[in-house]
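Going in written order, the chains are labelled A, B, C and D, and every chain counts its residues from 1.
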Amino acid sequence: MLDMYAEEILERYKDPVNKGVIKNATSEVHETNPLCGDSLDIYLKIESGKITDAKFNGFGCAISQASADILLGIVKGKGVENAKNTTKDNFLKTLGISLSPARLKCALLSWHALMIAIGNRQNGH
Amino acid sequence: MDVEKIKADFPILKRKINGKKLVYLDSAATSQKPVQVISAIKEYYENRNANVSRSVHKLGEEATEAYENARKTVAKLINANSEKEIIFVRNATEGINLVAYSYFLPVAQAGGKIISTVMEHHSNIVPWQFINSMGIDLKFVGVTKDFGLDMENLNKIISAGTKLVTITHASNVLGTINDINQVSKIAHDNGSLFMVDAAQSVPHMPVDVQKLDCDFLVFSGHKMLGPTGIGVLYAKEEHLENMKPFNYGGDMIKEVGLEKTAFNDVPWKFEAGTPNIAGAIGLKAAVDYLNRIGFNSIRKHETKLTKYSLGEFSKLDNVETYGPSDATKRGCVISFNIKNVHPHDAASLLDRQGIAIRSGHACAQPLMEWLGAKAVARASGYIYNDKNDIDALVGGIEKVKRMFGV
Amino acid sequence: MDVEKIKADFPILKRKINGKKLVYLDSAATSQKPVQVISAIKEYYENRNANVSRSVHKLGEEATEAYENARKTVAKLINANSEKEIIFVRNATEGINLVAYSYFLPVAQAGGKIISTVMEHHSNIVPWQFINSMGIDLKFVGVTKDFGLDMENLNKIISAGTKLVTITHASNVLGTINDINQVSKIAHDNGSLFMVDAAQSVPHMPVDVQKLDCDFLVFSGHKMLGPTGIGVLYAKEEHLENMKPFNYGGDMIKEVGLEKTAFNDVPWKFEAGTPNIAGAIGLKAAVDYLNRIGFNSIRKHETKLTKYSLGEFSKLDNVETYGPSDATKRGCVISFNIKNVHPHDAASLLDRQGIAIRSGHACAQPLMEWLGAKAVARASGYIYNDKNDIDALVGGIEKVKRMFGV
Amino acid sequence: MLDMYAEEILERYKDPVNKGVIKNATSEVHETNPLCGDSLDIYLKIESGKITDAKFNGFGCAISQASADILLGIVKGKGVENAKNTTKDNFLKTLGISLSPARLKCALLSWHALMIAIGNRQNGH
């Protein structure tokens, strides 16, 4: 398990690759974390059932920003149905960070937003 | 069940009252606390104390975990579907008020009917008088000669417009254990919600909200070995989702703007401000303690004790008891009156012998009126009581009778 | 004031967090508890535990006396005219809700205006939004550039129809100590009632309700060394007499009939059901402890600590603090942000060094918005903190900065 | 100090001398004790400023009944103004029973009622 503040995470936070706005997004979701008031927007461009572009924007801690960046890297290029298979547990395993319960919410903020964005609402909460 | 061993867990039972060893027979008012509960509170303050829900530091996380674990333990105790259905309140009374304010106040002007009973504790009467003053009818089911609920009466009173039937599971005066399932069925068949005041049942017997099929249920921690200041409201999740919040403020919100506020998810939507964290943790320790003994064993022990008590009381001349004669149909609560002796005098004189019982209206004046008694003396037993305690009580009553020449 | 000696009274301060000695700087969220408070609770449960108000047995009398003594101690602490003006509630939040429900809900439909401020904790905003939804206007006083209340703005907003002005005595984010007397005068000159949220002042400085000239005042026990689950509402007796009850049930009544109920005298009219007896007793022990140190000494100590903290923070590059620069005008609450570092990350990383601070919106989102900060990190000190703790914090922040390359 | 249940008190309770109803009373007061729901009626006959008859009735404990009986014995025959001088402390001293706080209320129930009956209301509570 990676430390919450491993070099890899901090690098992702400082230099995200999937941060930004998609102007002509086909799907946009806004999620907030009541613990801290942090918020995140997820933008997806879905074409013929495939996620051709994915970005996130917003304000959050290193954990939430880095995990959003990693998550979107995972699903970009995937089919929507395929992306739905990114379960909570799968995603956390891929992240591989050891998280306390409070910070788990930070790590999963983007995942909740993504699930809603790809119409997997019942999984999203 | 080894009562001697249990007694040893309760420091207060070593105390002398007026030179006599304490015989505590007032558990229906509040129970005593075992060292396991006292220590759990102490341990929390000494090692993990922090505010919950809002911190990312270790103490805060530990406190939050302990608080939410207590919720899980309580959910399991009464077999709730999920811990989301458990709201921590101050006491049973606040639980009932929460339902009154959050569910019924907003719909009171639309009319309808709420049905309570003559057997209730004031806590299950007075909140409904308040809701009644806002526009809903309020009716009370009577009591039968054998101290049960008058089901015929209930069937007569209930109607399509009935919004709530609310009754006590076990009477704090008569001991009567009501047939919850029958009442639940009548309520639901008439499209009414159904609420149970379980303040006198959850401490003493297995209670399963799904089997009882109730919409709301309340009880108090302090009557089941837990600390003061913590109680529980159980409600079906769908009701909680639809109910208005009760107290407003920190922790019960998701996002606050000056104009608009989004409320938190259940159960936190109903827990405004810093909760009684140590209270919840103490309650968990109490439930753990009771679970170790086992609620079936507790019920068995108390039934035996009740049977013995009723037998001993029946030998006393000029002493009247109130409540069902069949010990299997009642809790270990013996209300009585000595002819020509006021219950206060009886309680005071028993206290001189170290025996603590309650006296007065027992927060059930309408029932007192029905009994034709202005007041009663009440002895109530729990896991730490045995036949010796009952013998001391009966001996004490005989002494009172001699003093008053009865 | 001997902080070393005080520290020794707090068992939790001996704890190691992540291998480091705990540096607790989150007292604005909840304070730690000295052994004197923990022991008072333990002693109560071990020796005197019983229900209050209704028993004539010795334990019951002792419990009642202890509970009512706690009320007297609190009345004296804030110089209330009489202990009748002290209502025990769960926390400051419930105190505010009690006033909202019992005083303002019944008159909400008649209109008028309630004035709160942008500086408030959610607990002094959200209850008023509820009352607002019932028909009373709700306005918020703004904050000035130097982190004070905008008095000009207040003077503009207030009008003859204003029913309540409610403000925090000390801000839980900025530390600002508001000029209560000035606001009180403006409120009363306009025929309005005046309420003070003293959750962050009563624990830290002498507070005298008669000098402040307030109609209502609330605070929480858990922020002043006391247990969780106990708080205080002070209200002028005349208001309490005229207010409707809040929760209904046992103990708050004089006589209950099925049709009609007579309520108890104040303060008990507002305390339905079994109260948090051990909580009140623990709070008394906390007040006794603070009194022994003396509130003037506490205030002096904290002012010195604040001054030192502000000095040390000002030496940190890329760290912004919020709040008045004059330590004599504020409490020991330092909210800050490290550039490009989210407060949660700061708090998590400080926690690894054993330093507990808060992070997030601190239950004051409207103020956050005004500050232009989504969240803040907040360190808050109390009697058991000293310069070493601040040095540890500042050293910790420097480490965080290095990690994030700030 | 007498014990709460001294022979003297118990005798008074069993055989009160001032218990009963005055049919043509000039003053009648009903008082209740919220602790127990006990209630007491005080009947006075006041003629030319003098208490010519005084009785109590109702349900209560030995303490409240005996003290009512003793109290009425004290004021019967006295002038109303004179009876007003029976302060709480004076009365308790005369009673001479050692009382716990809870039972104090029982002992003073009749005294409260009497004060109201003779128009000394501010003293009565």
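The rule we apply is simple: a residue touches a chain if its C-beta (ideal position, glycine included) is under 8 Å from a C-beta of that chain, and two chains touch if they have at least 3 such contacts.
What you are looking at is a predicted structure, and each value in this text was computed from that prediction instead of being measured.
Asks: As a test of understanding: of all chains, whose mean C-alpha position lies farthest from that of subunit A?
Replies: With centres defined by C-alpha atoms, farthest from subunit A sits D.
Asks: How many angstrom between the C-alpha centroids of subunit D and subunit A?
Replies: 79
Asks: Counting in whole Å, what is the centre-to-centre distance of subunit A and subunit B, each centre being its mean C-alpha position?
Replies: Using C-alpha averages as centres, the distance is 47 Å.
Asks: Using mean CA coordinates as chain centres, what's the subunit A-subunit C distance in Å?
Replies: Inter-chain centre distance comes to 38 Å.
Asks: Touching at least two other chains at once: which residues of subunit C meet that condition?
Replies: 54-56, 58, 60, 253, 255, 344, 348, 359-360, 365
Asks: By residue number and range, which residues of subunit D touch two or more other chains?
Replies: 35, 37, 103
Asks: Tell me, which pairs of chains are in touch?
Replies: The set of touching chain pairs is A-B, A-C, B-C, B-D, C-D.
Asks: Quick one: in the complex, what on subunit B touches subunit C?
Replies: Listed in rising order, the residues of subunit B that touch subunit C are 11-12, 15, 17-18, 22, 24, 26, 29-30, 32-33, 37-38, 41-42, 45-51, 54-60, 90-94, 96-97, 100-101, 118, 121-127, 129-130, 140, 220, 222, 227-231, 245-253, 255-258, 261, 272-279, 344, 347-348, 350-351, 355-360, 363, 365-366, 369.
Asks: Which subunit C residues qualify as touching subunit A in the complex?
Replies: Answer in residue numbers: 342-345, 348-349, 359-361, 365, 368, 374-375, 403-405.
Asks: Would you tell me which residues of subunit A are touching subunit C in their complex?
Replies: Interface residues on the subunit A side: 4-5, 10, 14, 35-39, 59-63, 103, 106.
Asks: For subunit C, which residues count as touching subunit D in their complex?
Replies: 53-56, 58, 60-61, 64-65, 253-255, 264
Asks: How about subunit A: which of its residues touch subunit B in the complex?
Replies: Residues in contact with subunit B: 32, 34-35, 37, 100-103.
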